[in-house]
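Take a look at the following structure, please.
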């Protein structure tokens, strides 16, 4: 039987009945794999577009050992991971303070809000040439394209997170003589952290999504570049292998974030 | 010295020179190879000064030249021949195209060729349902039966042919009808003025390797070392390499300065393309495109080659 | 002598045209060394009054000043114990209490030590490392009190700070409050529902009547001072004077009903 | 002077000093325009890539009156707006219930979580062929591509929003006999609404961002298609005009969402 | 006769190995028609006891049953007034009170009418259309009470429901609680810090001692019943029996101290 995790939070004794629950995820993945196998076995889509799991596995082994598009899988992964996480750091360094300014200062809001609103809907495929013109074709451009995609989720989440601090929590800090900056650091940032973390999770997804677009710019390695190369020649097994690697990396970072949340932000959902 | 080259994953002879590091050897420069997904990005990179030499198709080249960017065509790789073609299903004559769904990647050389062909057949653009799709998506849409035909290049062209597509016209035909499309190497004018010797050496290596291929295409078969090198760089399956190479009418070093290429026809073709684009309302044509073509490096390269011989 | 002053203060929530004000023409002076309690029925405007004194809301009319300077917001001269506890769930119990010290730039070791002392003073020595959501209601209230005390303010504003405590813990807190108040010579403003508490602790008790909130009664007392001088609290609270005072204040609170009904 | 909006919430009397604050935004926009004018006047970037505001305005007028890429501006806007909002509705119809399931049922989480985690980092440029194989080249494919980009922000925000309901609020509803479904409807959804709205705002940004990619699929009109066509021909003034139109539309919808928030969710940041 | 039963119940927060339990071997039977009050020092485990009875936490040992059926979670038979008020800010005051009725499928008009009545009963007729954050602390508490009453439960579990009220409002609520309790014949469990309130209202008062929480005293009373039969509350509370009972219970609460100190 399904149950709301209502008695979960402070429950000193957990019901053991649902110990199989974590495995449901594996079952889902297994189910998807099965569906995929069936789909390719029965030819629901031509093998050019939906190669069998076996062929994708072969492609994976091929790129892992021999490499593809001039680099091995490890090199592609390293290049893309570097870009995504450099972009994440850049987006956080800019986005969190920007969000705090927007949330706490009318002037900050006046200045930054229109900028963010302007930037956030821009399609990377449209501004790519401008980025190249202004920032060249090196790593900075690629990181920038990814960072731009990550900025809005982080800013918006920060802004809405700041509201999680109650009026009296903020006022209490001010009665202890907290400066504007101390109120932000001691009350608003911690209160916003859960929301910022949510923003980071959304941003990471957006970052991976933008990888292919970013690596259209003069890349010589990277998963997006690898996928792009393979797609151009209809090497679909390699495309799907690349997609799955991206999914796996994204899942690992997601799990990492959840761990951080559980470990360092135990107060989420309390108080 | 560093030479920054922007290339695309196109199967053509200079890939082998790239793989062999012949360019480094001949120019004596430190070469950075930057890969781009399309001509528009190459143009942007050249305009920003991020690269010195780049590989583009005739459409982006025309757009750039029309905008007055300081670039020069230094080597015409070759005219696109049956590498790009209009393949259709259930259509036996151009007349029957009316009302049918034909896909092509808009603004590509194929798009230009398709429009030229329609013009040649006297079919108004609006009589055909033109769809904008990228190559991979064209293959998928064909597979589904969503489209009746496509003007497209390999490997998708091959895929369509294998799926029952009949070629109604290819780019060799269209070139005869006055709409040649080609790929070319271009250079940033400033760089060309500062380092003519490097550009000359670049043209020479490109010409020689192309000549190599033209001399003996059979030596570039699927099992050959050359095909392996190309496959490694571009990601194309080695088995497809010979067919892909066969789709172009490559121009060797000696051809460059002839009236068919840099000696005259190239500037004309750019102008024709520009005028066509202007009719489409997407670009403004100039009167003269000779400034966008520079045969002097090819000439110099020919001389050094003759001197060597 | 510094003092916190409310002069002819009115307060409207929402536009001034609509309805009665929540507070109307309230004047109050809290000097250092004074202990004023505010009592009144639920909804009579006690918390609103404290919000004005704390600088959390601006009055619709009248002036709030500290030593003659207008109050424009909360400040470290006025510590507050909130009716909702306003603790920080991301800090441990000890770090909640240490925050005011941290904000004053006191080093980590010293403030941990001091926080420990304050927590011991409110009887929570065994709960220092807990998260705040692991405390009982009364424990949370005491953490809020300890935190305000740790900030050693000139004025201590308290909104029902002992409402969730049992009688004896309450008595212990009374003792603590009175002795600290005497030592620090701070001005204390206490909102409470316990008339007995008000009479026992305060130098002055104010009765607020609702709709609109206004001061309807005011009385001075000496019991707290006498307690500090060593008299027995039980004896004090049994004095006829004390009992009379309680009855008088209760009557003042419910004046309307006594007259009407 | 800048100030924290600390006394704002219940403040019956606002200080009138900052009445110019809303205009700061206009100043920012003006400043950007000035910078742009200067940059193009002094030739900081070639006019091909940074056309002057005047030229972009001309391009705007041109597309508004004569049209560009086979349709007028109004038609492009209508096509794109339709796609983005159809996708938003689709993403909400799927994403909010999915988020609620993930947040409230372990089995739901087991099944849906891996699916969402798998989908969310996928680069649209990579999976476009598969979309076409399965969904054709009509409107559904375009809407789907945009909806996929919108799904993750909505799901993640819903999941994290459900936590905003306190244990005792949930338990209270259950003591009144609320069924599992009633708890969700009466407590969790309202508590999650502020966060869901944040998700929608992030999703809308992501949707506009994906517009160009979506309109790579056999579009004959739409802003993304228009931008794409112009970009290929280096008609940069038109590209920038298109980008500005997207920004304007996105800003309008953002303002609409903020209005909804203020008007219908007055409790945000309270309690 | 239905009853809510806790049999030998213990509760640990966190792993059972670490530290003392919060509650140890507590047994309690609340039959319909009974009114049990729980008193004890802050942190003695009163709220934890109520959480067990409400089904919000599961015991580490022992059994919680209603009419012999194990409690596995909260249910409509047991309404709760929470120590934190647990109101819904997205609903108006009236709609908060109307929610239990809505959940029982009562039509909109009827439940609005009923909610209005309940709000009037707790003295909030003038605040029905407000948002909950526009209420004072005591007003919020009364909304929480009205909401629980509106659900007309078999068992009413209340965690310091009157802690933020002034004396007279409190007395009015006492009257309300007692008459409703008699009418509905529900079982009531009240946690309070006011020993007087416990003695006056309850048929039975339980004293909880802390660390670990356990029942150390239990006594039966008749004052509530006598009040319902028409006796004067002031007179009742002045009876020596009443005053003795209060002293006895206070001693029981602080037993340890009395012995130790």
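The chains carry the letters A, B, C, D and E, assigned in the order they are written, with residues numbered from 1 in each.
The definition used in the following text is that contacts are C-beta pairs under 8 Å (C-beta built on N, C-alpha and C of every residue); 3 or more make two chains touch, one makes a residue touch a chain.
Chains and their UniProt names: A, D = ABC transporter permease subunit; C, E = ATP-binding cassette domain-containing protein.
Bear in mind that the values here come from a model prediction, so they are computed numbers and not experimental data.
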Reaching chain E from chain B through chains that touch each other, fewest steps: 2
Chains linked by the largest number of contacting C-beta pairs: A-D
Distance-maximising chain from chain E - centres being C-alpha averages: B
Distance between the centres, which are taken as Cα means, of chain E and chain D, whole angstrom: 48
Chain C and chain E, separation of their C-alpha mean positions in angstrom: 27
For chain B paired with chain D, centre-to-centre distance based on mean C-alpha positions, whole Å: 38
Junction residues of chain E - those touching two or more other chains: 13, 56, 73-74, 84
Contacts with two or more other chains, residues of chain B listed in rising order: 38, 40, 43-44, 47-48, 136, 139-140, 143
Chain D residues counted as touching two or more neighbouring chains: 6, 10, 46, 49, 129-130, 133, 167, 171, 174, 228, 231, 234
Complex interface listing, chain B residues touching chain D: 38, 40, 43-44, 47-48, 59-60, 63-64, 67-69, 103, 106-107, 130-134, 136-137, 139-141, 143-144, 146-147, 277, 281-283
Residue numbers on chain C that touch chain A, as the complex places them: 54, 56, 73-76, 78-80, 82, 84, 86-91, 99-100, 102-104, 131-133, 147-148, 151, 153
Residue ranges of chain A touching chain D (in the complex, touch as defined): 2-6, 9-10, 18, 21-25, 27-29, 32, 45-46, 49-50, 104-111, 113-115, 117-118, 120-127, 129-130, 133-134, 149, 152-153, 156-157, 160, 163, 167, 170-171, 174, 180, 183, 194-195, 198-199, 201-202, 204-206, 208-213, 224, 227-228, 231, 236, 239, 242-243, 246-247, 249-251, 254, 268-269
Residue ranges of chain D in contact with chain E within the complex: 166-169, 171-178, 182, 186-187, 190-191, 193, 265-267, 270-271
List of chain B residues in touch with chain A within their complex: 6, 9, 33-38, 40-41, 43-45, 47-51, 135-136, 139-140, 143, 155-156, 159, 232-237, 240
